[in-house]
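What follows is one structure encoded as structure tokens, with my remarks underneath.
Lettered A, B, C and D in written order, each chain numbered from 1.
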Amino acid sequence: MINKPHVDWFALSPTLALIGASGLLLLVSVLAPKRTRKPLAATIAGAAFLTALVFAIALTDKSAHGAAIVADAIFRDRWTGLAQVLIAGCGLVAVLISYGERWREEHVGEYYALLTAAGAGLVFFVSASNLMTLFLGLEWFSIALYVLCAIDIHLVGSLEAGLKYLIIGAIGSATLLFGSALVYGATGSLGFDQIAAGTHAHSGLLVGGLAMVIVGLAFKTSAAPFHMWTPDVYQGAPTPVTAFMAAATKVGALVVTARILVTAFPSEQHLWTWALAGIAIASLVVGNIAALAQRNVKRLLAYSSVSHAGFMLFAIAAANTLGARSLMYYLIPYCAMSLGAFAVVAARERELGAPVTLENLAGFGWDRPFLGVAMWVFMLGFLGFPLTGGFWGKIYVFSAVYQHGWWWLIVVGVVATMVSAVYYLAIVRSMFLRDSVELALAPVGGAPSREVALSIGVAACLVVTVGSFFAVQPLIDAAHAASRALPF
Amino acid sequence: MHGPDVSWYLALSGLMFTIGAIGVLVRRSPLIILLSVEIMLNGANLALIAFARHFGHADGQVFAIAVMAVAASEVVVGLGLIVAMGRRNIELDVDKLRTLRG
Amino acid sequence: MFDDWLPFAIYGLFSLVIPATMIGASFALATRPKRVVKARTIPFESGVSTGPPVKQRFTVSFYLTAMLFVLFDIEIVFLYPLAVILHELAWFGFLEFLVFILILLVAYVYIWRKGALEWR
Amino acid sequence: MNTAAWVTLLAPLASAVAITLTGNLLSRRQAGFLATGAALVAFGAAITAFVTMVGKDAEERIAQTTSWTWLSAGSFHVNLTLLTDQLSIMMMLIITGVGSLIVAYSVGYIDGDDEERRFFAYMSLFLFSMLLLVQGGDLLLLLAGWGMVGLSSYLLIGYHQHRAAAVAAAKKAFVMNAFGDAAMAMSLFLLVQHTGRLDYAGVFENAPGGGALATVIALGLLGGALAKSAQIPLHTWLPDAMEGPTPVSALIHAATMVTAGVYLIVRCHPLFENAKAVENLAAGLGAVTLVMAGLIALVQTDIKRVIAYSTMSQIGYMFVGAAAGSYVNGMFHLMTHAFFKALLFLAAGIIIHALHDEQDIRKMGGLGKKLPHTRTVFLIGSLALVGVPPFSGFFSKDAIIASTLDRGTFGLFLFGACLIGAFLTGVYTFRLYFIVFHGEQSAFAKEHLHEPHGRLEGPLSMVWPVTILGVLAAVGGLVQFAPVWHPLTRWLEPIAPSFAEATNTQEFIASAGTVALGLLGIYVAWTMFGAKTRPVPQPVAAFEAKFWWDELYDAIFYRPAVAASALLRRLVEVPLVFGSINELTRGFRIGSVELARVQNGLVRSYAFALTTGLAVLTVIFLVTK
């Protein structure tokens, strides 16, 4: 008789809600009448993310004692739970941003189906507790994102972005898979806990496998030098997709990176802390310097996300509870700022019907004061300015690094922040200090209607960005509870 | 049951992985690149199965089966993109896909 | 050691010898034509002339169907291990099986309603 | 008192948010009135708090109010706490009082500009930031306010964003302040690391009492103060910042923000007292700055730049006062300086306004007849600046100079510098005054001078703030006359007890010396610029007896001063400051372009980067395992 695994349906509920909605949306996209498709699909997707959010919050609340469940395939603990809350929240905002996008009518259902599928994949990915679920989760959301990038096939850039992401992504996945195989060969087990238990000598197989696993995950976090797909894909993909990718994918990849390194490879810590520090420094240097020359705002924000990956990798490289805590905290305002910034870009893009550059942002802050001020706040937040959560995020990351004894990383971080001020403030400047009249930019297709959904989404991001500065204590407590799930 | 040592399989799988990677680097047709990626994935699969046999349990084999399904999906998505490009008369040459850069 | 490799060696030998023999025989047994006629120089195609090579493009439907085939085909891989131990898993296995099929069914309904199964 | 403190802080913020969010719903003029109203509300609340405080015993005057606990880890608490004590209330009154006058003035000055709303939103934001800086109850809020005044200053300097010079000046100010901010943030970090506290009292109690750490901390704070207050060697941004609108120069670059460095030294005086060397360094730099800025001011031809260099020079006095241990005199001079320097800037604004935005004093002359009111207030401001009794500058500046005599040999050096500075102040101030107001009307002035607005010399909203400031500049110094009465000293005693106290004899020596030298300076200016009989002296005319003194002073003072200031500019500013920043920027640009070239859009190169990275990482891992 075979031992049937005990299935903890509650632990799976966020994933199930999203994947169920995805199937439903596929049916809606072919069975529902054409006119009702868009509102119906968006409603279902929004409801699914909301349900997943509620389940994830409940799950976090009820998982004080972490454990591997369902035949040791996934973890149920607060580390997973909090990450799922973040991802579901990102999805919800992404739905709000997407609603006003001028999708071709026949693709709107599929769009939301893929978005929920990607969400489900990410939610599953962050709960992975062995190499197989890790790889499956990774591919699950990646494949959905490949299609999402290319969904607007009337844009040349969109198809190009999709294909580039697919090819490079496939190499990344293959690397991760090969690394997993090597680790499996070195330790004889796939589960994270068992890998840590089974490690004896620092065998070449294990170390090589670890290197490949790190590369595979660093690829998804878009850390340099594995970042090169990021600017192209972020620029080419439809803006709401970019927003979701920039926020949710980063949550997934970073949370899982921290989890696997700490849980499965504690005895190789001397290797991966240095590796991550190196990768993080490379990301800060490349991201910030490359962003200086950018005119396209989506591309600029892509480089900015590379540099932020560097900051968050600092937190993991610190390899202490403070680092884990700061990672979780940093992700909260970071997600809000990324989603919000891309949402504002999306709004401008819909207004102009053209890619948004620093030049044609001119006067936007005065034409649409709410979005302008919101964008301003997001930029200051990226910069780590007080009154936004980005400030505490950086402070916490720095203190984690300091606790590890790497004060020189703080120097690197501070210098990087100073450089980044140039391009973040360039965005603010072009929005507020230039006039739109002289550009003679006429909105395409008449004045755009006030997009309520997008404004609600931006408002939510704004609340989280600023709120995470003031409500830092409860959030840090939550992050602290989450970090207890990791065996430091 | 005798047979070549597991390291031979590992060497072969590493070779496949490398061949695939080189294929991605040097070929221009997206179709061939997808093929090369498949070779990389299958290299990893071979390693998984070899280790599973070596340890005598099924974990690696189950993994390999799952990977096959995933790889197929990935390739199908790639083919779908290539078909979409073909319909829009975009030349099937990754070196020509350079509108996004800088 | 050698015992293990013997079947491989024999197999390899055969796989080399047989094609080599066939190719060699076609040279050895062929009759040289006394006159060069155009019809003799073109490849033998059951008596049907192929004419100039046509750079024919397959229709999109061909690719589409092929892709769908690959996808649904690969899913069947999962049914095989399930089938082997279905008895041992009993109802649990059956329910899992049903869920799996249901997911495939959703996809099937989608491609069917989307018109991907119609040859255009 | 606590409620009043919150109202003071939040009123300008509310105005900034309201103006930004309502966008075009608000007319330009309404935006100006809203900003003025908010500043006045803040001022009223500050007065309320002040009156409440006066009514209490000296021990109960410090009030803290916490609205929110941000962070608590062990004994480490970060709160949103406002601290209202004798020091901060003084700053609040200056900021909101002078601030509301200047904002009101701007309604008339900036009238007709395309983007008035933006201007008033920025002004309100600045007031909020500055108040946050002085009202914050811990080092973190101090840093937050510190950064935000830098930002709003950047935005306001670059207000005329179509002028390349304005944008460049804004950038320069921001970059130099960023250096200061970084230094200050570093010392903050060290303090938190060492003390585990953030609130002022806790930090001062647990701060290192001496040694290298105390020195490094004080150095970091000093770096921040030097950058913000435009002292050597981080001073070059201030003259360029005059590209901003004149009310901005008055508010930020004369009355409030640039004096934040002095506030910082007084507020954190225990940290500086733990590092005597740094304290002396601060005083020394202040002394050098006050002389150097005075020399440079002699040769400037832009009316606002003359006043800007004079501001640097006066802040040098405050640094000398505060860092030499006479905190109350530093703060006293800060207050009177806010009055008379804002007055001078606003009066200059009226002139610039009347002359169609012309700032070059060589084109001015003889404006006194057409602008008698402006001439009067400008004269009051000038006399106060030079320190002629009984105008306000006399009381505060002399007190600083006298207190240096209590500091031994080093004090004598400071004393000498201060006396030289007093003389220079007399010369450059009255050079400006005589050139602009004295004599015959220049051709340019005849051609361009606006017809007066009825009986007034400018819009009403510009005239009355100037008048009020004129009164304050004239009598504001009577608050304290060290030998006779000293309420200010008693007021600040519980917060920052001065350790350098001048005796009455020393006060007398200092006063006599300063006033004499100041008057001598005025006399020199008069002989050179006032008593000239001809606007353009012919070479022959130079031989006339009347110009002998001019020539003499020219040879002894003017030429060396020109040479020295030009040399300083050439040797210090141009190669060290401009050079390094340009090189750095160029390096980043090149790096950026190179990276863009690597990002060539080819999938193969992306894959190559990935696989190379993988190979390198694997090899490193295998070698170092």
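Just so we're on the same page, a residue touches a chain if its C-beta (ideal position, glycine included) is under 8 Å from a C-beta of that chain, and two chains touch if they have at least 3 such contacts.
Keep in mind it's a predicted model, so treat the numbers as computed, not measured.
In this view the innermost chain, defined by its CA centroid being closest to the centroid of all protein CA atoms, is A. Should one ask which of A-C and B-C has more C-beta pairs in contact, the pair is B-C. A straight line joining the Cα centres of chain A and chain C is 41 Å long.
Separating the CA-averaged centres of chain C and chain D is a span of 82 Å. Note: centroid distance chain B to chain C, computed from Cα atoms, is 19 Å. One simple way to say how far apart two chains are is to compare their mean CA positions; for chain A and chain D this gives 44 Å.
Along chain B, residues 21, 24, 33, 62, 73, 80, 94, 97, 99-102 each make contact with two or more other chains.
In chain A, the positions touching at least two other chains are 163-164, 167, 171, 231-232, 293-294. Multi-chain contact residues of chain C, defined as those touching 2 or more other chains: none present. Under the stated contact rule, the graph of chain-to-chain touches falls outside the line, ring, star and complete shapes. Here chain B touches chain C in the complex through residues 2-3, 62, 65, 68-69, 72-73, 75-76, 79-80, 83, 86-87, going by the rule given at the top. Interface residues of chain A facing chain C in the complex, by the touch rule stated above, are 1-2, 4, 23, 26-27, 29-31. Within the complex formed with chain A, the chain C residues making contact are 85, 88-89, 92, 103, 106-107, 109-110, 113-114. Residues 596, 599-604, 607-608, 611 of chain D are the ones touching chain B in the complex.
Residue ranges on chain D touching chain A, taken from their complex, read 20-24, 68-72, 78, 80, 114-115, 118, 140, 143-144, 147-148, 151, 158, 161, 174, 178, 182, 185, 189, 193, 588-589, 591-593, 595-596, 599, 601, 603, 605-607, 609-614, 617-618, 620-622, 624-625.
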